[in-house]
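Per-chain residue numbering starts at 1, and chain names A, B, C, D and E are given in the order in which the chains are listed.
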Amino acid sequence: MGHSNASGDLSSEMEVDAFRRLFPLRFYEHHLAESIRPDGRALGKARDTTIELGAVASADGSALAKIGLTTMLAAIKMEVMTPSKESPDEGCIAIDFHMPPICSPLVRPGRPAEAEPVVSKQLADTILRHVKHFYGHSLLLDYFFKVLYSGMIDLKDLSLVSGKAAWMVYLDIYCLDADGSLFDAALLSAIAAFSHLQIPVVSMNDDGKLIVVSEENGEKDIVNKEKRKLSLNRIPFSLTCVLHKNYILADPTAEEETIFETLVTVVLDTFDQLVYLYKPGGLVLAFTSSVQDCIALTRQRLKELQKILDESVSGMEVD
Amino acid sequence: MLGLSLGEKQFIKGGIAQDLRSDGRKRLTYRPISVETGIIPQASGSARVRMGATEVIASVKGRGGEELSTELSVALQRCLLGGKSGAGAAIDLSSLVVIEGKICWDLYIDGLVVSSDGNLLDALGAAIKAALSNTGIPRANVASGASGDGQPEVDISDEEFLQFDTSGVPVIVTLTKVGKHYIVDATAEEESQMSSAVSISVNRQGHICGLTKRGGAGLDPSIILDMISVAKHVSEQLINKLDSEIAAAEADEEES
Amino acid sequence: MEEDGDVVVTPGEVLGKSSDLKAGAGAYVSPQDHAVYASLTGFRRILSPPPDAPDQRPTVEVTGHKAHGPVPEPGSIVTARVTRVMARMASADIMCVGTKSVREKFSGIIRQQDVRATEIDKVDMHLSFHAGDIVRALVVQQWFQLVGQRCNAHRQGKLSKERLPRLEDDEMK
Amino acid sequence: MAAKAASTPTTYSPSPTTQKTKPSFFKNDNVDWVRPDGRGFHQCRPAFFRTGAVNAAAGSAYAEFGNTKVIVSVFGPRESKKAMMYSDIGRLNCNVTFTTFATPVRGQGSDDKDFSSMLHKALEGAIMLETFPKTTVDVFALVLESGGSDLPVVISCASVALADAGIMMYDLVTSVSVSCLGKNLVIDPVLEEESYQDGSLMLSCMPSKYEVTQLTITGEWSTAKINEGMQLCLDACSKLAKIMRSCLKEAASASED
Amino acid sequence: MEDSAAADTADVGGSVVEENECRICRNPGEEGNPLRYPCACRGTIKYVHQDCLLQWLNHRKISHCERKIAMEIDRIDGRTPNQLRPLACSRNVLNRAHGSASWSQGDTKVLAAVYGPKAGTKKHENPEKACIEVIWKPKTGQTGKSEREYEMILKRTLQSICILTVNPNTTTSVIIQVVNDDGAVSFKDAGIPLKHLAGSNTYVVNDDGAVSFKVAICCGLAESGYVILDPAKLEEQKMKAFAYLVFPNSVLSALPEGSPKVEGEPMENGIITSVTQGAMAVDDYFHCLERGRAANEKMSAFLRRSLQPQLPG
């Protein structure tokens, strides 16, 4: 083909990064044919991942998660609320994902990124995992629901004084550097922040308000002596993959996400339940085999991530 | 933005360097100032100040509006409100207390720029000073039996008004640096040629109550100190001038 | 040419007196104290003047360890992708300046009268360009236009020869 | 299904709110009081800078002064999106935001708009705007944690980020503030001190050119006090500049290897 | 919420049938401790006391019924698990839009309008491709995070099925209005009329059949692990998890080999879009996929029928 020859000629005379900019797909296909990605990774391999717990001193729980260059800072602040009449023994979790203008050249002040509400919603779905409000059913179904399908956190653990006070958990996740797989990094930082969370000790004051007291002072009316940590069951971990022809690229960078339009995000929990499988359109159709491959990659990744998380948690305890 | 030709720019700069500005003033001379008070009957206090072609209105009342750009408001706050603990504030905030720790007056000061020909901050500062002198807050009598937890009942008098002591209200002096020299009360034309400007609010005691710098160019610290001492000197004249104008305006208002 | 490559300087550091040194790239002379200052972070290099130059002061340069992305300016040869073609002009996104790719795209316009040197009023923009074409162009002007486009790209040489393949060729099914 | 989020109930923070009355030792000028973090009155917090914190940006820096932590990203020079007047010089655009968890009580970050314009004023005199005509340089700051003296830290951090981005500057900009507490001037105040202060003075300067780019004073000051405060700030600024320069140099040498 | 009341009575009515006994303790149901049938098991092991079951579950540390095979169980509206609600579709319901359709599935009804292609605005301009913008309007209230998510998913889905290269530099707006929400609104219902609309809009889609219409299916995964298709709102509340799936329309091929195969699977088996909500076992997901594909055929056939008169020759 005359055309491809012409651009082949062009490629010889321009710098690699210019070629990459002008013909990104061709650039990547050269690499994919050799089963390697421009950053030197194998196709199914995720980038280096680190977790640092307690990055924010002013928060009750916080974590900084990095997947490659993508950096997320998650922090939890606990506030007190009056629980709703329908669920007097339950607290509440509000999850917000922010992309401040520092994180990417595409975000400008006053114009929130398109991904912001979408990722917020996805995180809330995966972490809270509530399908719809559950009412009008027998206790038995409730029980089923709780054992099997409840979220990572039991909202009942957030109760302080039944019907009077419960914790409102504000989880805010800030993207500090955006380089693809935002949801994966955001979820990881959120999970890590929850494992770092230390619930403050509170006691009721004369006005009926709850205030933070220090444990050492031996205050008598501590409301939540036992519940200092949330028990996390069924922790979800995720992996985003990119589909292109027959290739599956795990943990894409921002560049890879824009070049290949087909993304598949799989979230599995530690009980091997499928929490989320997200494939929003894209040029490539996902067949059973590729879905299975993505799930298999996620299973592997889950083990890696769990290890990284465990290490960072035990690292904290040593300190 | 003013479209000035190169020649006009040179003329302005050259005039300032020779201490003869384009409207005939010297570097440290103000334009004629005129003050009118009590121009908004609904407000607790109000004043209109004209400085050359710059005209601003300030009013003091219970509710606020948002006519001023944030930047101006912040600069004014900085000049008038003093430190977090209240030291150096324009008015003694304790005069606003009705019951210690329970109820106090909230003063809303609105500034409105009617026409702008430079030096807005100084004009607004003067207008606020005049408006505050013009302000009377109703005397509030605390109804008896208001001890304990409940909200105390407050009786607001329709006839008796308390006047503020406005002698502590500072004036704002903006020194605009054009070329190597600085001038007071710059017109919009002159402001377009400035390299930087320092607004200093000074009270009657000669204490600095606030300072803010505009314009990008750096200034030598010694120049800033020099500007502060010039501002103090200029402020004395300005305060005297304003006080007499305000007194005259008040007298006018009572007559009419 | 003389180099003392290992000295790293940062903006605002004094490199010498203007009586002894000329300010090259990444350096400037302050009119207040006649000193040469660095304006970038990088390595200080002192270049001796060519022996026949009238000014015998050596030039001091700061070569940036990390320069910002390239910015097209008049005279730059740029590679651009045509985004839309109108009757009298085409707009294009500049992707590369010289051989370097830009960090973020700059947009430019190619005016009808700048497409070729002769018979400039007979140029049919729609025959010359398609959206998606990659063109090589010379920046002739940086100016402000109502639409906010900021530079004017000029296509060099003959149309048919220089025309590069359309990009979507390898994407279409 | 979004019902939970939508009907967010009113909540309050259980942390004890800062007392309205300041502790007596601040007021009492005769008693030798100790600063909350045990520093001397004229001693700054240890400063830490790191460049290249955000890879997506052209240049970036992270600064940590005690509990004050900020990140600044610089983008550009890039196409100006805003239609602007004909001009030979570039445009500087600044924005400062706070995270919701920056302050002890959630979502109470200071007035961002004011910070943005103050940052702009402090920087514009130091940047050679004429070197990038018709383009914009964006300086975006995010205060991760607010621990007092936020704006001075943002300004200093921004100038390191600009240097990292390779934007031409006359000099770095360093910024320090002092608080007036009773008779004493304390430098680089923490949040607690800022909430009790009688007055504050913030000075930004180009240390090696010895020029002030921004100065703001609030509260009542005598000329002598201003003199003293400015001198304190200028001295601290030149020390701070050394730290900033060594950070930049380290990064430059490292990139060479 | 009359429906919910009706459902409750049905539930209770079922649990007090005579002569039934708990499969664990072998006692009949009694006042205050009625028998329930929480899973799909039938016959003599259908009933169980709640307390007994809890005890048993605790003891076994598992959460499934051991016979989780989904036996036929009647749904509230009398459908079988694999049955879709009645479909209805009408086109060109709006005068001003360039293409429009309303689509209903049982009581769930959405209205979709397509405007364009029109000249791309500065923001949505792409020199090589057409842009699609989606605006999702909920039945009541304001656009929230969920709607933003739907918009994004729908946009991406549409981008993958329309031939975008035909009209570069243009924008096509798609506006979805939810008229009545009785479950499974998300994507499923909206998706189909859209595609359908795209079909009626000859600008966007060529008539030559190169574009396969997509079919969206919603599977609900009930708590005991069986799959039902197309849940109504009341059923949605009982589901532990959902899978929303979008497939290409099954292709009627003139070629003798039948539909084209990719990786040994027919084309229509490929997933265009998949979104899940709630946790499920991986196998359950694949189970959903199967059911979804089966339903795909029915939907495709319906779509083709309703489109046929419009497409010339």
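Heads up, the rule we're going with is that contacts are C-beta pairs under 8 Å (C-beta built on N, C-alpha and C of every residue); 3 or more make two chains touch, one makes a residue touch a chain.
The shown structure was predicted, so the numbers you read here are calculated from the model rather than taken from an experiment.
*Asks:* Without counting chain E, go through the other chains and collect them into connected pieces.
*Replies:* Components, chain E removed in thought: just one piece.
*Asks:* Taking each chain's centre as the mean of its C-alpha atoms, which one ends up farthest from the centre of chain A?
*Replies:* B
*Asks:* State the chain with the largest centre-to-centre distance from chain C, centres being mean CA positions.
*Replies:* The most remote chain is E.
*Asks:* Count the C-beta pairs in contact for A-C and for B-D, then report the pair with the higher count.
*Replies:* The comparison resolves to B-D.
*Asks:* So, what's the distance in Å between the C-alpha centres of chain C and chain B?
*Replies:* Centre-to-centre distance between chain B and chain C: 49 Å.
*Asks:* Chain B to chain D: how many Å between their CA centres?
*Replies:* 28
*Asks:* Go ahead and note the Å separation of the Cα centroids belonging to chain A and chain D.
*Replies:* Whole-Å distance between the two chain centres: 31.
*Asks:* Spell out, as numbers or ranges, the residues of chain D touching 2 or more other chains.
*Replies:* Within chain D, the residues that touch at least two other chains are 1-2, 5, 75, 78, 81, 85, 170, 206, 209.
*Asks:* Quick check: what residues of chain C touch more than one other chain, meaning two or more?
*Replies:* Within chain C, the residues that touch at least two other chains are 81, 103-104, 167, 171.
*Asks:* Going by the contact rule already set, what residues in chain E reach two or more other chains?
*Replies:* Correct list: 144-146.
*Asks:* How about chain D: which of its residues touch chain B in the complex?
*Replies:* Contacts found on chain D: 22, 85, 111, 113-114, 117, 121, 124-126, 170, 180, 194-200, 205-206, 209-223, 226-227, 230, 234.
*Asks:* In their shared complex, at which residues does chain D touch chain A?
*Replies:* 1-5, 7-16, 53-57, 60, 67, 71-73, 75, 78, 81, 95, 97, 99-104, 106, 138, 140-142, 144-146
*Asks:* With touch defined as at the start, can you tell me which chain A residues reach chain D in the complex?
*Replies:* So the residues of chain A in touch with chain D come to 56-59, 62, 69, 71, 73, 75, 77-84, 92, 94, 96, 98, 100-105, 108-109, 121, 124, 128, 130-133, 168, 170, 172, 174, 176-179, 200, 202, 209-212, 254.
*Asks:* Quick one: which bits of chain E touch chain A in the complex? Just the residue numbers, please.
*Replies:* For chain E paired with chain A, touching residues are 4, 7-8, 11, 36, 38, 50, 53-54, 57, 63, 144-146, 148-149, 152-153, 155-161, 223-224, 236-243, 246, 248, 262-263, 265, 267, 269-282, 284-286, 289.
*Asks:* Touching chain A in the complex: which residues of chain C?
*Replies:* 79, 81, 95-96, 99-104, 134, 164-167, 169-171
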